[in-house]
Each structure stands twice: as C-alpha cells, then as structure tokens.
Amino acid sequence: MRHDQRHDNELRSVTITPDFVKHPEGSVLIEFGDTKVICNASIEDRVPPFMRGQGKGWITAEYAMLPRATEQRNIRESSKGKVSGRTMEIQRLIGRSLRSVVDLKQIGERTVWVDCDVIQADGGTRTASITGAFVAVVLAFNQLLQAKTIKKMPVTDFLAAISVGISPEGRELLDLDYKEDSEAAVDMNVVMTGTGEFIEIQGTGEEATFTQNQLHRMLDLANNGLQDLNAIQKTILGEQAGRIGETNKTKEDSP
Amino acid sequence: MRHDQRHDNELRSVTITPDFVKHPEGSVLIEFGDTKVICNASIEDRVPPFMRGQGKGWITAEYAMLPRATEQRNIRESSKGKVSGRTMEIQRLIGRSLRSVVDLKQIGERTVWVDCDVIQADGGTRTASITGAFVAVVLAFNQLLQAKTIKKMPVTDFLAAISVGISPEGRELLDLDYKEDSEAAVDMNVVMTGTGEFIEIQGTGEEATFTQNQLHRMLDLANNGLQDLNAIQKTILGEQAGRIGETNKTKEDSP
Amino acid sequence: MRHDQRHDNELRSVTITPDFVKHPEGSVLIEFGDTKVICNASIEDRVPPFMRGQGKGWITAEYAMLPRATEQRNIRESSKGKVSGRTMEIQRLIGRSLRSVVDLKQIGERTVWVDCDVIQADGGTRTASITGAFVAVVLAFNQLLQAKTIKKMPVTDFLAAISVGISPEGRELLDLDYKEDSEAAVDMNVVMTGTGEFIEIQGTGEEATFTQNQLHRMLDLANNGLQDLNAIQKTILGEQAGRIGETNKTKEDSP
Amino acid sequence: MRHDQRHDNELRSVTITPDFVKHPEGSVLIEFGDTKVICNASIEDRVPPFMRGQGKGWITAEYAMLPRATEQRNIRESSKGKVSGRTMEIQRLIGRSLRSVVDLKQIGERTVWVDCDVIQADGGTRTASITGAFVAVVLAFNQLLQAKTIKKMPVTDFLAAISVGISPEGRELLDLDYKEDSEAAVDMNVVMTGTGEFIEIQGTGEEATFTQNQLHRMLDLANNGLQDLNAIQKTILGEQAGRIGETNKTKEDSP
Amino acid sequence: MRHDQRHDNELRSVTITPDFVKHPEGSVLIEFGDTKVICNASIEDRVPPFMRGQGKGWITAEYAMLPRATEQRNIRESSKGKVSGRTMEIQRLIGRSLRSVVDLKQIGERTVWVDCDVIQADGGTRTASITGAFVAVVLAFNQLLQAKTIKKMPVTDFLAAISVGISPEGRELLDLDYKEDSEAAVDMNVVMTGTGEFIEIQGTGEEATFTQNQLHRMLDLANNGLQDLNAIQKTILGEQAGRIGETNKTKEDSP
Amino acid sequence: MRHDQRHDNELRSVTITPDFVKHPEGSVLIEFGDTKVICNASIEDRVPPFMRGQGKGWITAEYAMLPRATEQRNIRESSKGKVSGRTMEIQRLIGRSLRSVVDLKQIGERTVWVDCDVIQADGGTRTASITGAFVAVVLAFNQLLQAKTIKKMPVTDFLAAISVGISPEGRELLDLDYKEDSEAAVDMNVVMTGTGEFIEIQGTGEEATFTQNQLHRMLDLANNGLQDLNAIQKTILGEQAGRIGETNKTKEDSP
C-alpha cells in the first residue's frame, strides 16, 4: 500500500466543479486529491498576428501557481519579471494537448485563452490542469454553440492526462502525489484521447533510467487511469459530452 | 434603493472562510458579494536586508488577480514582465495597513508575507484584501503562539477597510460594487482600527471634486461599515480574537 | 517654533520660475524651500491607443529624481530597469489631479505629457510637482491658444497641493520638510481646487493612527496653505490666470 | 526512399570534430547532415547557491542558435531580453540528460557549463546537441583527470539522442531533417544510455495522435540509431572511452 | 560666419556654476551655449565587487537627459526599462576620461559616482558633461582633503573635451551646436589633458569620409578650444586648481 | 620581436572562408590569428519604421560572442536579459562603418542584417568583424545582382578595420592580440576606405595619454595594415571585387 493507502494503480479522489468563476466562458475547479487548480477558458474574437487571415482559430494556455500553493512560498513570476522554464514547458504542453483535439477551422478567427491557476499543489498539477482545462474548453464552446456563433462542437475527442512513475523500490505507480513524485526514480506524464491514442508522452529519469518493460507497464497504468478520468469528465459535461466527436479532426497546417 | 437592492449604508454579504489553503500558516477566503479573494499569510524566518540586525520583524504584501477574475481577461503581469502601478499601490497599502496594527518588535527577525489573490472581482478588491489579510495574519501569529515561538499576540488592534463613494446623482454609498464604482464621481477607501481611529484615507474625484460636508458623510458611512466588518472578523477568530490588543503598539522607527 | 523657525501653519518660501527650459510648450522651476522641481509640459498631437477616436485629449505625468537629489545617492530607475512603486504612485497622483481641472474635450485628440524632475529634494516633492505642473500646463495651453489651435483655455479651476502632518509631540504641521516628514507620526497630502473643493486626500499613519479631530485640524491647515499657493500661481500666470475657469468642467467618461 | 535518398532507418552523415574551440576544457563541433552545433564544456570551481555545502557538483546547459542558422533570420534572444520557451525546454533537457550519466559526487563542488550553439540548423538540433555535449563533457573531465583534480572518470555510461517521427504517409522515420520534421505528424526525441536504457522520451503529435504500435516501431528505430551514434562517439574518444563506466551511478538526492 | 555669428574656431559662451545642488560632494551646472548639464559627483565608501581588496578606488559615470531636454520629447529610459546604446557609449566615455587623470590609488577603496543630467540640449552634451564633471570631481576630492580623508589631491592633470566637425561646405568647425551637428559630414570628439596630450579621440563620418589633412586641421581647432576650457575651469576652481598635478599619474593595472 | 614573433608592423595571419553558413545571402568565417568570427549578411525586404517611405535601405549590425569564446566563460546576454554597453558600442560601430560605403538608395527599401558572432576570441574581434562583414555584405549584394533585384553593386569603396596601440615600453604595434591588448597603454581602432580615407577613428588611453606624434605613427601603421586587408578581401571576392565603386556614394540624409 502507498503512504496514503492507495493501491499502485489507483487515482486519488478526483472532483470537478463546473462554473467555479462567474466571468469566464468556461470555468472549473479540478481537484486531484489535495491538488486544486482553477481552469478558466476565455474566448477572444481575434487570433494572434501569426495566425491572421487563415480563417481558423487558436488555443493557448497559461499556467501559474499562487505563491503559497506549495509547502514553501515561491516568489511570484511577476515580481521576478520573467516566467520560469518549468512554467513555459507546462503551458506549452497544455496548449499543444488541447489543440490536438479541437478542429481549429470550426471556431473561426478566435483565440481560446486557457488559464490554469494552481491554488493548492500536491503533485500532478500539470495533469490536473490538462484534464480540467479540457472540460472548461468544452463549456466555453458550448456557450458559442448556444449563441449560435459556431455550428458544431469543434472538439473531436476526449482528452485527459495523468502521471505515472517508478518508486525507489521499483514499483510502477499511478497519479503520484508530491511526496511520491519527489522520491520517484522515473516520472512520466501521459496525455491521451478518449479513444486511447497518445497525444503526448514525456518520461524522464533524471537520476535513473528505465527499461522497455518498465515503459510498457507505466503506459498500461496510465491508460487505465485515463479511462477513469474520461468517465468523470463525461459525467460533469452531461449532455454536452454527446456532441464531442461530431467534428472529425482534420490535419492542420502548423502555424 | 441601489441596483442590487441594498440601502446606501449597507454592506454586501460578507463571508470569511478560514484555513482555505492547507500550506500557509494563515489562510482565508474572503467574499464581499461576488468579490472573492484568497488571503494567505506565510512566515519566513528572516527579514529583508534593510531590516537586518534590528531585532524586529517586517510585514509585506503582494496582490494579484487571476487573468479572468474580471469581465474582460487581463494579461498576466508575469507575461508583461512587470507589475502595474495599480498593483503596486494596492500592495503597498495592504502592507502599510497591516504594519500599523502589529508590534514588529514582538515577532523577532521574521517576515510575514501576505498574498492576496483575487479569484473573482466585483469591486472592492483592495478593501476585501485588507480585511481578509488581517484575519490570515492573526491565524498565522496564532500558529507561532501555539508553537511558543512568540509569547504574546503581537496584534495591537483590529483592522478593516471599506470603500465609500458618491453616486452620479450625489448620494453617498457604502461598499461599492464594480458597476457602482465605475460610475461613481468620487471614490474613497478608508482603513480603520477596531477602536475607530484612522490608519489610512485615500479619496479621489478624478472627474469631480467633493466638499468638506461630503467628506464627513462618507467617513461616517465608512465608520459604521467597518464596525460590522470587525464583528465578522471577531466571530471567525473566536478565542484568538481575545488576545488582540494584549500588546500595545509602540512607535517604531520607520525602516 | 519649528527647527527652521517656521510657525506650524507656515509654508516654506515658494518660488516659481517660468520658461525654465526652452524647448517645452510649458516649463517652470518650482521651489518649496530647498525642494526644487523642473516641471515641463509637452503637447503631442495624438492620444494613447485606449483613447483614440473619442475626440478628446489626455494628460499623463512622469516623475523622477536625479540620483543625487537626496542626501544619499539613489540608483537610477533606468539602471534598475524598472520604475519603483513610490514613483508610480506619485505619477498617477499628478496625472489624476491635473485631469480633474482640465476639460479634456476642449483639447481634441492631444496628449499633454507632464514631466516632473526633482533636482534637489527636501520633502514635499509630490506637492511641489503638482503645484508647479499646474502652471506648466497652463503655459502650454496658452501656446495652443496663441496659435489658435484651441479656442478656450480648457482649465476649469486652479489646482495646488500641500502636505500636512502630525509631529511626534502631536502638533499639526503645514508643508513638512524632509526632517519633519521622516519624524512625523501621520503624513497627509491634500490636493484642492481654487474654489476649495477636494480633488484628492491621501492620509497615512504607518506607525500611528489619527482621530477625526486631528483630521479636521490638518484639513484646515492645508486649506489655508493652498490658498497661498493659488495666489502665487496667479501672480506668475498674470493675464493668463484670468482665462482659467472660462470652460466649465463637464463630467467625462473615464477611459 | 526519402527526399535525400536515405532509408527510413538511416542516420544522416554524422561527424564529430574534437577540440574545435581552443579555450574550453572540452569542445566539439558535431554535424548531423547540415545541422552543425558547437558544444563547449567549461568547468567552474563552484556550484550554484542551491547546491552549496553538499560536496557534489552540478551540470547545466545553455542552448542558442545564431540568428541566421535558419532559413529565416531569427531575432536574437539577447535583443528580445528573454529566452523563449522552446530554448528553455531544450536546455533543461540537455542538462537533465547529461546529469543522468554523471556521478556528481565524483566531481566535487564544481559546475560543468555546457554551451550548445547551433551555427547551422537543418532539423535535430537538440539531439545533435546532446550527442555532441556528451563528448565535450568527457573531454573536459579528461582534463581534470590529467591534472589529477579528480581520480576517476565520473561518467557512468554512454549517452546519445536521436529523433524519430511519422511521415504524413504514415512511415516511421529516423533522424528527421528540417523538411521532414516540419511535415511530420508525430515527432519524438529519445535519449538513451549506451546500455540501452531510456533516459528521456518526449513524443508529441500536435496535429495527430499515435498508437501503441507506432510507439514501439519508433522506439526500435531510435534504439538502432543510438547504437550507431555511440559507436561514433567511441571512435572520437579513443582511449578515454575506456574509462566510461568505471564509476557506477549512485542515486542522488535531487536538488 | 556661422548661423549664430561665431567664427569657425570659436567656442560658444561657456559658464560653470559651482555648488549647484546642495547634497553632492561636488556639483556644477555647466552651460555650453544653450546646452545645460548638471554634473554631480558623489563619494561612496566602497568599490564595486570586481575592484575589492586592491586598495584603490574607482570612478564611474552615468548620463541621462530629461525627456524634454530636446526639441522632441524622448521616452524615459526608466519607462523603456533599458538604457540605449548611445547613453552607454557616453557614460563609458565620461568614466574612462575621468579615470585617466585621477590616481585611483590615492583615493583608497572609494567610488566616485558622476551623474551628468542634461536639462537642456543643443549639441555637445557629452563634451560639456566631461568638462563639467572634471570640475565636480575636483570639488568632491577637495571635500575629502578638507576632512583629511585623503592627503593629496589625486587629480594628475586638467581634463576637458570639445567637439569638432566638418560642415557640408567642407569647413572645419569648433564646438558644434545641434543644428550644425545634424548637418555635419564628419563629427569628432576630442578629450585632452591640460598639458596637451590626447586621452580620447572619436571621429566618425557616417555618410562621409575624411582625409589625413582634415584630421590635422580638426585636431588643431580642438587643441585651441580645449586650452580655453581649461582656463575657465581654473578660474572656477580658484585655489583648488593649484593642487592639480601634485600627484603624478602612475600606471594602473586595468581592472 | 613581439611575443608571437611578429614585427611591430605585421598583421597576424588572416583567412577569410566564404559561404561558411549555407542559409544567409552572404556568409564568411574570418580569422585574424586565433580570433574567429562568423559574419552573416541577411537581406530583409523592408526597412525599420523610422526609414519607411524614403525609398532607400538600411544596414544594421549585431555582435555577440559565444560564452566560451574567451579564456573565462561569460554569461550569455540573453540570460542577463540585456545587451552590455561594450556590445552596443561594437554593433553601432560595425553598422556605421558599413553604411558609409554603401549607397543606400541603390538597395531600395531593404534591410541588411549583419550578424558577427565570435566563436573564438584573441583580440581584435571588432576589427575582424568589420573586415569580414564587408565581404559578407558584398556577397549578399551579389545575390541580389544575380537575381536582378538590384542593377548596380551599391558598394562605393572597399572597407576594412584594424587595431593599433602602444606597448608598455612605448612601441607602436599593429593588430594587437589579446595579451598585447590587455597590456597596452593606448588602444586605437581605425576604419578606412580602400582609397585611404578615414571612416572612423577611436583611440583611447584609459590609463595613459598619447601625443600628436604617437598618433601619427599609429595612423601610418594602420594605413599599411589596411591596404593588406583590402588585398585579401579582393582575392576572396574575385570578379565581384571589380564592381565595387561602380556606384558613387551620394550624401544621404541621416535617418
């Protein structure tokens, strides 16, 4: 058993609270155990300069933590005057993942700004962010559908993310909390569609290495966890879940 | 009656949720109507360079809004690489206000970092921040008392803040929400102690001016509202409220 | 008597030298005792992006000190690569104050840039800046009138600013110099129109608090000092003073 | 056949020129086809603040491109005043990879600065950087060994990196050049040790997704390519290659 | 005759006002015609990190213009968040020039900060800055002599700077004003000692070139003008001028 | 004899390798002894905002060193977030020098970006940069001629740069290497045309001064060295050299 009594292949308790903040077009609070992230999706009626005139939209993400989301207080990135490498990696990952399940041609020249703000951190903030952001984006698109600004739900498939890792004793674990993550020999984040295809794999063993077999066992764990996350997303989205996939993803030219 | 059915001298519904985030020494969520601010107080065991060797502590505050706390999304200050003038004014005001009711000699060479993060904004974010931050700071000092790190509650008096203003028709209003604030001819923030003395008055009539009589009526409104806020703070703090004032404020040399 | 032989309600010697620098549309050197500030007003034939297309103008202010305006040399803000919170507060205050006595519609889509550069500091640099900037702005508008670029003097009333405070022994003082300011328990800046209405009040007692009665006595002191400053401004402006008020201030939409 | 006549599982021509720049402790020019990267390793006799007093060393990497390394000229990051997210991701990846095959305890409180500067880019700059940086680091450690500053070669295993991807027609390709990379549906970078264990996998399909089978085929391709790269490294290092692995990697506490 | 009735070899009217600002150890206002620069010299009792422990001092200079020193208002460098290339070149030139006539060993581990702030510009701001800064520095050292902090005047020789140039019609001109400078084909700044040796020559013909003969005629013009400037400096310094040269410059290791 | 066996009036071995990088319109590697600089010239089909609509072109230069081009590793300017004063001086000098031998009207509204990147430094990096950049720019213009985008070679004359200095024993030296440069009493950079006219002279004696006679001897040395550099440039350019001078430089309005 793990330090919090979970089985190796068990997710923490996951909660998604829709409409958490009143202003955004889509907003959720997502909790993976003690990790809590506000995911807000905002629609802007224009695209960044490099996308103009192509008749399609863009999705971009920003990620931040409150200074005291963590055990030790962190200096604000606004005070430092720059965004850290870790933050940039995470926000690029969130944006890339979301864009892979949205048909950008369907949304016209609009930008979806996704803000993931971690108010309490206990490991897995990037996977919670992606999983919650997906729901916020669907809620935002639903507003556009209600307003008849767009005609079809532009989301082509479900999307969720989870972490897996290898413990110091060599056990493969699903959904690591902060304590487990800081002790893990290997740490991997997996982003998948609802139909079980990979969108992104990022695995690293800074102080260790891992074998092909360990890789397979970690991917299996992730696969099962991600199906559970999809089920929770489906419940929260209710009727709106039914419209996911009504558009097929077409291959876009990358910007 | 006002647009939300309040009387001119009526506060919005005020809620303070203690222990909102688990890591900080003191944490509250404060709500003034639809304005919601997370106030976290963190204790650091050293003071900034300009305070070293004086045997006393320091309190400093930072303030930020989530990008979509407002009707329109704002660009993150970390992306802009600098903090706006408005943000700096507010964080300097919060810090100054808190320092005026804390005997910094009692806390030794420690810094209290107060983080006020607005997750939803509807006017009055700076007054809600001060009022909530006061509670978070008392909770944090209580932890130090429990751990016997300090001997006396270093807080010398209660502290709260409220806005008052003059409507376009010339009525004095208490606790303006965003709609009222954006229409107001005159806007004033008042910070007072529990014993009814002023800590800070900031009144401005950018497009208008105001008379001595209007000033008095606004200060009376504020005074009443602030007593109500003190009562709410007292309820939340329970027993800990009783220790406020056990230290008398001594005149400090400013740094 | 005060350390420099003044009565409690006495201004320092005030001098305003018009046309101090040759290039700006309006330029004065203002001296409050040993505090010396160059106030330059520049007219630019366009407004910032957020004001475009509204057919009215804008006034904005910048404030800086020479590094050795003070007893200790300060690091230049250009070397630090950012503007301090104190500087931002002061320049926002100067801009707001000036805008409250100018009918921005009268000046068309033009920006008035007001630069207040302190060449020697001895307390009261922000009040000297506002008082001098007012004269520089009137001189600049007079050039526009002479050139028939505008038809009426767009300044609706006189404007001046002064500091008041409470000494460690509890005496209310007018126009504090640096020594008095650094010892004062309470420090307040008051900005008023020529007709005696408030534009801005900013009072703070960082290490102390103040009562309603003390507030009244300080405001009375300020009121008298400000009338003297208006008289000095009138003398310097000569004929041009007569045109102030020929436009009535109309309520503007704030930007 | 591919557009440059390679087989799907064929590397581009790879050249490593040791001692390319005279000042650094270790220096190579590495070429993967038309991609050319200077990799310099510098030894500094201290560690960053967060590592001090632990008796072990640190390895950090920086990555940059000459403005005209690419078809279109890029603005210098020094002119922009900040480092892009892409650059940060790459330099973090290079540093992490190198640290995983070096026993930091063996090098004492020293920092190895690895600078990878791309002088000509044609796809695969990050994999060439890692592969070349490994050789530069071994050369630098060899200098420390010669000078008897350290006693054992602290490198525990070989290290190389290669890209694999899926072409628009669905073929798995090894070592993509720029043209192939910009058309690829899926792009993956694999970093492995000489003994065939994974150090890092980063696979992304921004506009596409990939299946478990495709993943396996890509990993097999990478595995073969990496063995070839190890062989080239071994030839260049000559005698020094023999000392790799004389230290066993011990599990470090991450910083 | 030139547009302002000067002969080709004639300086503008030059005025130096000592003790212009009260706080600095040395302060002058220098005027070259309509160019007005405040030069303040401040003594700090330590040297920058790269100079520590060498038992000698350092001199560094900063240069800035008020935004409206010029015909068109310039954006403040503090607002832009960085110092321009032109400003850096000028402040490096001023510092280098002053260091060449000061025996840094005589002043111990102290830094002289020289601030040249242009309040009105009409060409020649860098030469006026050097010429004025020299006087301010001597005044500051005189304070150290009076206080017996140092024993000998550490200044080894006089120092002044002047511009020369070639007009569009090919005439060599001394001390160009803004109008002449902006039309000139060639522009040269010459810094010399009181004994007629060169400290610095910077000549440029961006849109033109110049011959050896033209160079000689320009250097002769400069030489004469610089002797006049030395005479003015001598008059202002009075008795203190006599102590210049009591120390002989020794060759320093550059830092 | 000098420490590397050269005569006082002898250049180091100079090599110019054309077409060093494949993407730029013009590219060379230039070597002055152990100093190695990549000079790339890129053509952009527009000019900066301050030049638009004038029907002529612009040339601008950037200069940087790899962190380990020098004996001690330097921090990257992209990491520091700003460009140093030294770098700015050098890039302004390179740009100015090139513009003085190009008829900007002939190239239409295009910008030539010249990037000088030092990969190994041993003194004279700025003179090598100018000398190499000249060749890169001619190569780039030749591409425009081949493509018939422009009709005449817009380069009006040859251009090269060299350093001269005075050794501690008072000998005038040509083309100083790093060791000589760091010991020199006086350091001068001279930029001349192929017809022997000056474009730029920058001479400085930070810790020393120099006489008129020394100046003449240094300029003679430089003159001879520059003729040798022109000959090397001519050889590399081959046929293209013949077209230099087919346009006469016309006096431009400075931007």
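Chains: A, B, C, D, E and F, in written order; residue numbering restarts at 1 for each.
Operating definition for what follows: contacts are C-beta pairs under 8 Å (C-beta built on N, C-alpha and C of every residue); 3 or more make two chains touch, one makes a residue touch a chain.
Keep in mind that what you see is a predicted model, and the values were worked out from it rather than measured.
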Shared interface partners, meaning chains that touch subunit B and subunit D: A
Joint neighbours of subunit E and subunit A, given as chain labels: none
Most distant chain from subunit C, judged by the mean position of its C-alpha atoms: D
Furthest chain, CA centroid comparison against subunit A: E
Which listed pair, A-D, E-F or C-E, duplicates the contacts of A-B in over half of its pairs: C-E
Cα-centroid distance, subunit B relative to subunit C, in whole angstrom: 28
CA centroid of subunit D to CA centroid of subunit E, Å: 51
Subunit B and subunit F: spacing of chain centres that average the CA atoms, whole Å: 60
Multi-chain contact sites of subunit B, meaning residues that touch two or more partners: 81-82
Going round from subunit A, first to subunit B: chain order: A, B, C, E, F, D
Touching residues (chain side subunit C, partner subunit E) in the complex: 21-24, 27, 34, 38, 40, 42, 44, 62, 64, 66-71, 73, 76-83, 87, 113, 115, 117, 119-120
Sites on subunit A touched by subunit D in the complex: 82, 84-86, 88-89, 91-92, 96, 99-100, 168, 182, 185, 188, 193, 197-212, 215, 219, 249, 251-252, 254
